[in-house]
Amino acid sequence: MLTSGGDAPGMNSAVRSIVKTLINKGAEVIGIRCGFIGLLKMKFTKLDVMDVDHISSDGGTFLKTGRTDKFKTEAGINLAVKNIKKMGLDGLIIIGGNGSIMGAKKLAEKGVKVIAVPGTIDNDIAGTDYSIGFDTACNVVISSVDKILDTAYSLVNENPRVFLIEVMGRKSGDIAIHSALSGGVDEFLVPGKELNYKKIISNLEKKFVRGKEHAIIIMAEGVGDSEIIKENLEMELGFKVKRILLGHLQRGGNPTVFDRTLAARFGYQAVQSILNSYGNFMVGIQNSSIELKKIEDIDEKDKEFDHETYELCRVLCR
Amino acid sequence: MLTSGGDAPGMNSAVRSIVKTLINKGAEVIGIRCGFIGLLKMKFTKLDVMDVDHISSDGGTFLKTGRTDKFKTEAGINLAVKNIKKMGLDGLIIIGGNGSIMGAKKLAEKGVKVIAVPGTIDNDIAGTDYSIGFDTACNVVISSVDKILDTAYSLVNENPRVFLIEVMGRKSGDIAIHSALSGGVDEFLVPGKELNYKKIISNLEKKFVRGKEHAIIIMAEGVGDSEIIKENLEMELGFKVKRILLGHLQRGGNPTVFDRTLAARFGYQAVQSILNSYGNFMVGIQNSSIELKKIEDIDEKDKEFDHETYELCRVLCR
Amino acid sequence: MLTSGGDAPGMNSAVRSIVKTLINKGAEVIGIRCGFIGLLKMKFTKLDVMDVDHISSDGGTFLKTGRTDKFKTEAGINLAVKNIKKMGLDGLIIIGGNGSIMGAKKLAEKGVKVIAVPGTIDNDIAGTDYSIGFDTACNVVISSVDKILDTAYSLVNENPRVFLIEVMGRKSGDIAIHSALSGGVDEFLVPGKELNYKKIISNLEKKFVRGKEHAIIIMAEGVGDSEIIKENLEMELGFKVKRILLGHLQRGGNPTVFDRTLAARFGYQAVQSILNSYGNFMVGIQNSSIELKKIEDIDEKDKEFDHETYELCRVLCR
Amino acid sequence: MLTSGGDAPGMNSAVRSIVKTLINKGAEVIGIRCGFIGLLKMKFTKLDVMDVDHISSDGGTFLKTGRTDKFKTEAGINLAVKNIKKMGLDGLIIIGGNGSIMGAKKLAEKGVKVIAVPGTIDNDIAGTDYSIGFDTACNVVISSVDKILDTAYSLVNENPRVFLIEVMGRKSGDIAIHSALSGGVDEFLVPGKELNYKKIISNLEKKFVRGKEHAIIIMAEGVGDSEIIKENLEMELGFKVKRILLGHLQRGGNPTVFDRTLAARFGYQAVQSILNSYGNFMVGIQNSSIELKKIEDIDEKDKEFDHETYELCRVLCR
């Protein structure tokens, strides 16, 4: 088992679930440190119940994760397969994002029995409604927004105060949409939708006329450079905009109950699959039930845009 | 619109969604303060967008909720119906728990067009997988458990240290199960399952033998008096057990993203129903989709025990 | 009484303390909304115990604060004095930062009995060791740093990962120093100290050699433009640096016990002074005791740099 | 170095400061695990900078602490002294509460060069205004009180709702007083002051008359059994009181900036003393400055009651 790519809160919960379930079934578990790097460098370590009993509450991943270009080469993949055979592993569970699923596919093609578990705050993996870490990241964002609202409502200047908050999500707008829907946000910008300054300003000005003395804008990083967007907004508005760059703050924090229980369920299902000799699947959740998807069918491009939540969010931000 | 019964974090988000959606459709919204008390005492107040714009992040309910025995009488119901007519309300949206749904049923029988929205931390309402406030309460519980784990792991005494944490949920074990699944918990006690001290002690002792120097037990309030259970555990173990009574702590706190977005979706759907002249429904979520249930079919006793999560929890607490 | 300038968490606690103490003494209290703006526009409101009983836990200031250029003119000051006389106020308590103290001085020169209470997260007011809001802001910063550490320790890339976190403080480095001292930080940049890239890089590289795979740098906003500093660091290091801009996040959040109790003590002392007919003082805390300083002696430039904490921080960041 | 007695948040920060400062001076550091237990069982471990670099943010103590009756015997003390000599330790830094200081005294009498660092959430150590962990515990308490206020203000019943919250502090009322002062609390009960039910009820009833529909009472554990006090209150009031038992929740959580910086300063001073061959001192803080106290002069009974804060609290809870 390894955690790979960008770390996400809740990965520890998945590791704990996998270790406990496997040991409960009488199996032995090897953890691989630092993701694919550890697979190449043989950073293998036996895991016992006592190693994972207490880790659910910790952010990040205690197995560490890592990225390496070597894994993108044929030679790298071959070395990984050799190491897996050398250690006599029956299967490999990979917890990570789209990059990790790509890596899992390549190992599957070489005959390794692989199960992928979706873990990324970006929630941009096709075949699953949620990935581990997304809920925690959204909660970190809204607790930041809540703090900014404290000051937004407190200080009245001659001009309204406008705050532009950049959040993560790569090409996905899910963190931005869910955070905006959670309240207190006046405008949200996501990839895949037109960036129309006139419409933004018109929405804000309607609110200023109504008596509101500030506005909060959340933008997904995939929309563009927040410094440039800030400058464009300032030009249209005629006054300064305050920019907040949450950055890697969103990758940390104790995981939420949602992420911990999702991870526990994913981990349990991954083990069932391995024990039943199923391989080359990704575990996912769809309409609340845990399902297996053929790993070769998972394609980042298939991730559907959540129109329903987007439209609801538009109503509530007006 | 009113919030009723025990307050739950996220109710404000539902109110905001209802007000914004109705006003967006050109309707007028009346808020009723203090739940059914306000319905009897005519505590009616017109709500505008600016009244609710900022409330999503606040715990509790700004409309306040209230309980009164007068609403259980025929005379009380008749007065409520009279007041609703006097104010010319087209319909009534009631956000609350099982008691509130009972009240909604009675009003429906008298011809009031009622939509119920499930809001209670106990998650004990049939016909919906989740109710507003449950996720926040679980997160409050695990952040408490996480804190107790800090000291549990730090201090080594001659005897192991055992902590008994009582959580809410009335007759439901959902808060206990979801919190226990979230990690760090060694044993969990829920209503509907046998309370077998021998088995509890045997599970704990297996862990002590394995080297663990503490144990965390979560019990749902529905299981019984935690003081008596504590004493029984002490008798079996032969040493002191520490008891934590979280109580109303679990009813507060800023709502989570899950509860805020669930509440926003519920509120939006409730408005659609009212506008379409549907009445006498409860909004619910099942397998991730928002659905309408006939309010006369909702019966607390039909709430199913979540066997799958219970069993997974048993595996992970071993 | 008014809150002025930048809002700071804990201001509500000061307001509550002032209202409760004055009413306890049989006096009447008028709150002025939106700071000096409200003084000019006569936004006066009578405050009672029930208005302030519950506000201590809220971030921001419920009286609101405001900035206006009009108050910098002779005409503005004269209008303020006129309004104070018209309302028959015996004295004026102003809670705010250096700008507010400047305003207080001008009113004092015109014969208004003024007491200033230092409230600003920047902690840059001379004559007091701490100002209201500083402790809360520091705690918001370290809880952000803690989250960033979760991911910093979890992900191993080919190059070490360096995070540059910009924090507030205007010309003061206090937030940066106290946050850096709180742990997990490898380098900190504050105004008044040389910005020597060679030394920074040499410190970081010593750590990378020692096996550390990431580094956290905190910089006070007074040091310069964090985008330029980031680019300079990248040039020296030869790889990308991640920048986090906490911004107004630091102005929000529920105030800490330290800020709430400090504010309560300041407020109580301010009332004692007013009742004793003392005027033209600033309340401050020095070596743990609450003291009065002549307001004309308060000069931002006299705020001493905290060399002891700076030096300790240097030791612990090595 | 060892951490002893009840663990307290911030102890890790003290350990980090001691290790970094000593290694900076070229010294070698040995950590003793599980407090006095480890001293008897030779649980010694060499500590390096990389072992402590990241621990400041963690609650509890990674060195663990422990209590053993063996240390109270002459034989136990002699074994400890023998082990210290065997390991060639130049001195011993003990971080803990009153019990640990008693242990330190006994070792000092046998010629061991000991420096004590006050660490306990109870803040009941004479010779220092604050001990490590107190500020964090108070913040945990008020964040619990804030949550209870959410529901207290939201639900209106036929009778007012009264909440009784028991907090820690052993014989000290400091946690109760500081939490009560932080707001939202209506009554507080501390050891050393008369427990007068008539006066309590009269204060609450004055508030109910004023329109308040709930009351929060904080009581220090040293006042007595909260179950009995609850029953007495119910008898006087004529309706139910809700009891919350925060328990060991108060011992956990990420330490605050105040505790982390206090611990860092204490640790630094402890090292200076050891290096200067001073022994048999306790490090403390008085009026904001770090001082050394002869360890034989430290007597729990000398801890003064904080009358000023108590009186202010009485004013603000009325």
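Here the chain labels run A, B, C and D in written order, and each chain numbers its own residues starting at 1.
Everything below uses one rule, namely that a contact is a pair of C-beta atoms (placed from the backbone, for glycine too) under 8 Å apart; a residue touches a chain by one contact, two chains touch by 3 or more.
This is a predicted model, so every value here is computed, not measured.
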Taking each chain's centre as the mean of its CA atoms, which one is farthest from the centre of chain D? A
Where chain C and chain D are represented by their mean Cα positions, the distance between them in whole Å: 28
Provide the C-alpha centroid distance between chain B and chain C, rounded to the nearest whole angstrom. 38
Where chain A and chain C are represented by their mean Cα positions, the distance between them in whole Å: 34
Which residues does chain C have that touch at least 2 chains other than itself? 146, 149, 153
Among line, ring, star, complete and other, the chain touch graph is ring
For this entry, which pairs of chains touch? A-B, A-C, B-D, C-D
In the complex, the residues of chain B that touch chain D are 6-7, 9, 34-35, 37, 58-61, 64-69, 140, 144, 146-158, 163, 227, 242-253
Under the touch definition given earlier, write down the residues of chain D that touch chain C in their complex. 13, 16-17, 20-21, 24, 49-50, 53-57, 129, 135, 138-139, 142-143, 145-146, 149, 153, 178-179, 181-184, 210-212, 254, 256-258, 260-261, 264-265, 268, 286-289, 309, 312, 315-316, 318
